[in-house]
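Should a chain be cited, it is by its letter among A, B, C, D and E, assigned in written order, with residues numbered from 1 in that chain.
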Amino acid sequence: MDLSIIGYDPVGAWMKTAGTAEELLSYRNPSGITWINVEGIGNKLDIVKLAENYKIHPLTVEDIMDTEQRPKAEEFDDYIFITFKAVNRNRTSEEGTNIFEQMSLVLMESTVITFQEIPGDSFNGIRKRILNNAGRIRKMGTDYLAYAIMDAIVDDYFLVLDKLGSSIEDFEDRAVDERDDNFIRDLQGVKQSLLHVRRIVWPLRDSLSMILHLESKFIEPELEPFFKDVHDAVIQAAETVESYRELIAGVMEVRLSMMSHRMNSVMKVLTIISTIFIPLTFIVGVYGMNFRFMPEIEMRYAYPIVWGVMILIVAGMLIVFKRRHWM
Amino acid sequence: MDLSIIGYDPVGAWMKTAGTAEELLSYRNPSGITWINVEGIGNKLDIVKLAENYKIHPLTVEDIMDTEQRPKAEEFDDYIFITFKAVNRNRTSEEGTNIFEQMSLVLMESTVITFQEIPGDSFNGIRKRILNNAGRIRKMGTDYLAYAIMDAIVDDYFLVLDKLGSSIEDFEDRAVDERDDNFIRDLQGVKQSLLHVRRIVWPLRDSLSMILHLESKFIEPELEPFFKDVHDAVIQAAETVESYRELIAGVMEVRLSMMSHRMNSVMKVLTIISTIFIPLTFIVGVYGMNFRFMPEIEMRYAYPIVWGVMILIVAGMLIVFKRRHWM
Amino acid sequence: MDLSIIGYDPVGAWMKTAGTAEELLSYRNPSGITWINVEGIGNKLDIVKLAENYKIHPLTVEDIMDTEQRPKAEEFDDYIFITFKAVNRNRTSEEGTNIFEQMSLVLMESTVITFQEIPGDSFNGIRKRILNNAGRIRKMGTDYLAYAIMDAIVDDYFLVLDKLGSSIEDFEDRAVDERDDNFIRDLQGVKQSLLHVRRIVWPLRDSLSMILHLESKFIEPELEPFFKDVHDAVIQAAETVESYRELIAGVMEVRLSMMSHRMNSVMKVLTIISTIFIPLTFIVGVYGMNFRFMPEIEMRYAYPIVWGVMILIVAGMLIVFKRRHWM
Amino acid sequence: MDLSIIGYDPVGAWMKTAGTAEELLSYRNPSGITWINVEGIGNKLDIVKLAENYKIHPLTVEDIMDTEQRPKAEEFDDYIFITFKAVNRNRTSEEGTNIFEQMSLVLMESTVITFQEIPGDSFNGIRKRILNNAGRIRKMGTDYLAYAIMDAIVDDYFLVLDKLGSSIEDFEDRAVDERDDNFIRDLQGVKQSLLHVRRIVWPLRDSLSMILHLESKFIEPELEPFFKDVHDAVIQAAETVESYRELIAGVMEVRLSMMSHRMNSVMKVLTIISTIFIPLTFIVGVYGMNFRFMPEIEMRYAYPIVWGVMILIVAGMLIVFKRRHWM
Amino acid sequence: MDLSIIGYDPVGAWMKTAGTAEELLSYRNPSGITWINVEGIGNKLDIVKLAENYKIHPLTVEDIMDTEQRPKAEEFDDYIFITFKAVNRNRTSEEGTNIFEQMSLVLMESTVITFQEIPGDSFNGIRKRILNNAGRIRKMGTDYLAYAIMDAIVDDYFLVLDKLGSSIEDFEDRAVDERDDNFIRDLQGVKQSLLHVRRIVWPLRDSLSMILHLESKFIEPELEPFFKDVHDAVIQAAETVESYRELIAGVMEVRLSMMSHRMNSVMKVLTIISTIFIPLTFIVGVYGMNFRFMPEIEMRYAYPIVWGVMILIVAGMLIVFKRRHWM
């Protein structure tokens, strides 16, 4: 478990790292804002110690450590608790798809605590802005810090969506390649990834909407446009997911129609060949019979006449096939 | 019908079992909290006696004994009534799927009564916590006891969902096994089990939401985070059901595409064989005719020439098939 | 048109039948509760006379006589009007499915009037409870009588649903019987019956919900649990309809997959037979040619060699088919 | 453009027709109710003159003349504006389906103005009731007149729906006629007509619901049951549309299953014939070979033995087919 | 970046263009209304300068320059911000479909600022009305100007929808053309264009609904009917999109049924030809055998008898086919 603590106020800023909760709790920032970041949530003892120190409810601790917890926001007397999923920047799955991790944020009067399932995050930009006093962040409260963190995390969703978007475009080309045996399986993979993003985005949308309608002492009215902006980005992500689902449905339709069209054309070839040659084979079979009394057999021009008849039959059939647009 | 009664307060705790309602009603717990657990709901007389003693409405008694009753919560003057489904820990159906039983809970000022359709439950942990004074349960009211019971029951839902989840994963592998004749039937079984869980979870979600918005004297404000936590777990169960339905739809799509792909490849083999041999069979039929005047018959190299022509035809066809990606 | 009138109070009860509205209106029950039941709604004059006597709005009269009227509830100054569909106990359609009839109920201070499209109903139990003073009915007001009537009618819905449920179970078995040519048509019949129940149940659900939120002088607060109970039963019926629809969708999927599986196996047999014999027929055709110069013809072991070659070809093909799991 | 004006009060009624707005505006009805009906909305100048005289907002004028305008209701300071679609009684399309026209209604204190896209309407009954003083219409206000007009128009919707309903019933029979090549196209036509009605009915439902919740000075409280009645009829129309859509979906399912069943039976015939004769043709081909050394050729009973073998093969195949239920 | 500024009041109007924000900000309109139009949003510096001058929030600036921003409306202390998509009048994509561009509008007390992604717009009519004092525009406030701009943009949506509508009509004809290999792909293109319009229209509908319920000092009550009118037009566009989707679904159904019907007819031809000739070919094969002892061979009328038998077989088959409606 990696612990880091950043303290800042409009005048100055400092950052420390710690190995244990006890060590971390020895650092104090009496006047300004404190941001504690916990990476790795396996060590229950340390998290409980931290929670007790900051009066965090045991049920919140349970949610922080539950990596299956769905995104939600809850207001307590001493803090607002938000839990959601973040794109992990350091790892991808074997198939190259992104891994999401459990991320929790406790927003208090003068302290923000973030908990990450996996070490490594997208917060370097925010840390630099604090330490270098860039933009307005040093002049604002914990609510702005919470906004900045969520903004960074939601921006990462679009990286994942862009990757999914371009892989859907690949499928648009693959849809007409008849030898692509893994098409459906691969497309299902993308679809399930998309549904995974959806399950991450939708509840966050509701949570942010809940925060927007909360008249909490932890969020200044002046911060409303900022939280609205994150909310809006999450809605945009949700709509992108829906439009990708429609694209996938379209690709699927093209694929199925291609396969059915191909089946039709295979059947047509079979039918044309059979329809032409089966009757001819019957005719030549007739004159292969060994009856003693078959007058045609002895006729001088029987053989060329049979050929002529067969050519006429083939010609007639070809005309019918042309008319029916089978050729 | 097995009856048990547990009495407790912050200082002490005791437990008794009884065979009849009369016997049970002789035990009294004047100061603290009383939890009566009824296992088996077949004996109407005893349940009515218990109900009359605790002023439970006849319609509530009807709902308690109706094993088809859908989950719901209702507020009466003297109690809150909640009925839902619990996973039975002792029995499974023949196919190994879980059996759900009717479970009812009557929450009063100082008494909680639970009614179970089938003896045996998931409450041993709660009983131990009460008798051994573990955690906060002895210090809290009937509302916390009701929370603890519902929490235990909802946790069991996830056992069922995990089992369904891993059986869906099996189907992902079976989807491409073409000899698996029972695939669709078996998948339908899982789907119907999932829909069964859904019918259990969705109304419970609404019931808990109703309890959360109820400003009842039977539930202290301090208990809100606990009931929110159960509500949240039920929502998580509901979302898991939905994501499993999407997985099943995906597996089904893979299956159907596999079957259609296989049909296509069978048709292609038939078409290739027919298309190659039907014309050749015609050609050899021609020279099997018995006409007296057939000049080719007498020619010295007619036989090898015919073989050459046939080999050329086959070669041409194979090239066409390759081009069309049929081979 | 059969008219009946029941008068009762906690002390006594009487019942009369009448042929015309005029005759009926001569019976009076000055102190207690009056229940008028009208069977058959074809006689407009009589209904209008009754309506005028009880100050029923002309639009209500129109709705009472409209057998196509969808279920609804409306509050007027002098009464609450509820119209819905009841299972007719005396008749079924030719195919054995239940017939629903138009049923209307006008709930006033001391009078309840019920209008039935078809004579014969499920109210005998209620009549007996009134005349024999069984249960609480004689001690309660018109609101309880209205509840008892609706409860009896909604209970009948479950008889219809149980019948539909068991006929869906039959289809689960029929789904795999390939000779069952009427499967889809028959299943459609059940589906349309189910949708018919749905159109009856859903608006009634809304109507009861409306009545529950109505703070009317015609319904005592004490009656709330009773109307909630009917509402709950209607929701249960609605959910049963939905779960049956899902069962039907599952049965349909099994059926379609069975048909497609069967088509595949027919195609496989055709392909195996053709693929084996078409090349062999070509080979024997070759040696049926009559060319003068065919060296093999004269060879001593040509015939058994050809047989050997053909047996080898068949063996090779059977191995390929086994590998592809076609046999 | 045909203009008509009706003036009435409880005592008397008169009706005049006019060719221009100017002529029409010269008729005055100082005390009672005035109903102006405009047939044809092509003449913008006249409509604008009328509108200016009655203080109708330019945006309302725009909506009146826009034949593509979706149904809606709007409250202005001086009037309520309602626009919707009416069945044209005089014309049908070439395929015999009904034509809907744009209809607008402006409801003021003492005046109602109706605008119709196409001359000819369903209002003769209303005109007669006014002129002959039938029913309550002469005693009521403009709100009742507006109700009567909308009631007449909504009643016409059911004529269209009944026609669609009986044409869907025809499709139930056609669904199993395999030679009916236009089935899907024709069914699509009915479906699109149904969707057209739906687009007309749904927004009207919302508009009437809006009017019901409007506490406008132009609609007396006493009129509420009447507008509720029209609202209820529109909901009934909407539900009928939905149930027809389900019927169509059912018919479609029967059709597709019939086609697939038929395809199966064609394939079975092909497979039976091929499977029986292809092996036999091979056998007779074997003894058509011209090898010099073929011992069977010379045998006395070879020919009848071959026949016997072939009959045995056919018999065996027929047994297999019977077992597989292919015959 | 092209900048233009229009100043007007009931008395007069003027228009200037500028190359930079600084140049633009030198023009002032102390008394009346100012409309600034910015074409091209690539130059961040100029936009920021403009924004600072008009106290526009940095988050609004971000949204203005984000071409992926979904339509939305937001109220700030100093302005209402609306962003949406406009049809670009100057460009179309390669396939001839319309291009939408990002469009933002900032509505202040006496100033309206519009930002366009691509130079060129649909505002010439509005500019002329201002400069020529046509209609009421010069007499109204910035709210009317905002209405006029949105009205012009929404009108353009219908141009796009009409184009899509007529291309869907083309597909209705193409649906039955069996040689049209690109049908599904092309239809998918139209479908995706339609879904694109949908994603543009739906959020705008919500935004306008939000503006209508906003009681803002920037919009006079008198403007309500105007904004309702645009809202209504957007709803109309949304409903048109939905009805086009239903048309496309119908076209798709016709197409799939045509393809399946065609497949059936190909299979029938194959089955008829095979079923007729395969048995005949067997018969002639029988008499092509070379057995020494075959009594029929020597018979005088064997050959015509075989012909007779074959003709009878064909006739019988044709009768069966006719009965089964295969021919």
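The rule we apply is simple: a contact is a pair of C-beta atoms (placed from the backbone, for glycine too) under 8 Å apart; a residue touches a chain by one contact, two chains touch by 3 or more.
Here the structure is a predicted model, which means the values were calculated and not measured.
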Number of hops, subunit C to subunit D, where each hop joins two touching chains: 1
Between subunit A and subunit E, centroid-to-centroid distance (C-alpha), Å: 25
Centroid spacing, where centroids are CA-atom means, of subunit A and subunit C in whole angstrom: 41
Two or more partner chains touched - positions in subunit D: 263, 267, 270, 274, 278, 281, 285, 288-290, 294
Topology of the chain contact graph, where touching chains are joined (line, ring, star, complete, other): ring
Touching residues on subunit A, where the partner in the complex is subunit B: 57, 59, 62-63, 68-70, 72, 74, 76, 178-179, 181, 184-185, 188, 191-192, 195, 199, 203, 252, 256, 259, 262-263, 266-267, 269-270, 273-274, 277-278, 280-281, 284-285, 287-290, 294, 296-303, 306
Of subunit E, residues touching subunit D in the complex: 225-226, 228-229, 232, 235-236, 239, 243, 246-247, 250, 253-254, 257-258, 260-261, 263-264, 267-268, 270-271, 274-275, 278-279, 281-282, 285-286, 288-294, 325-326
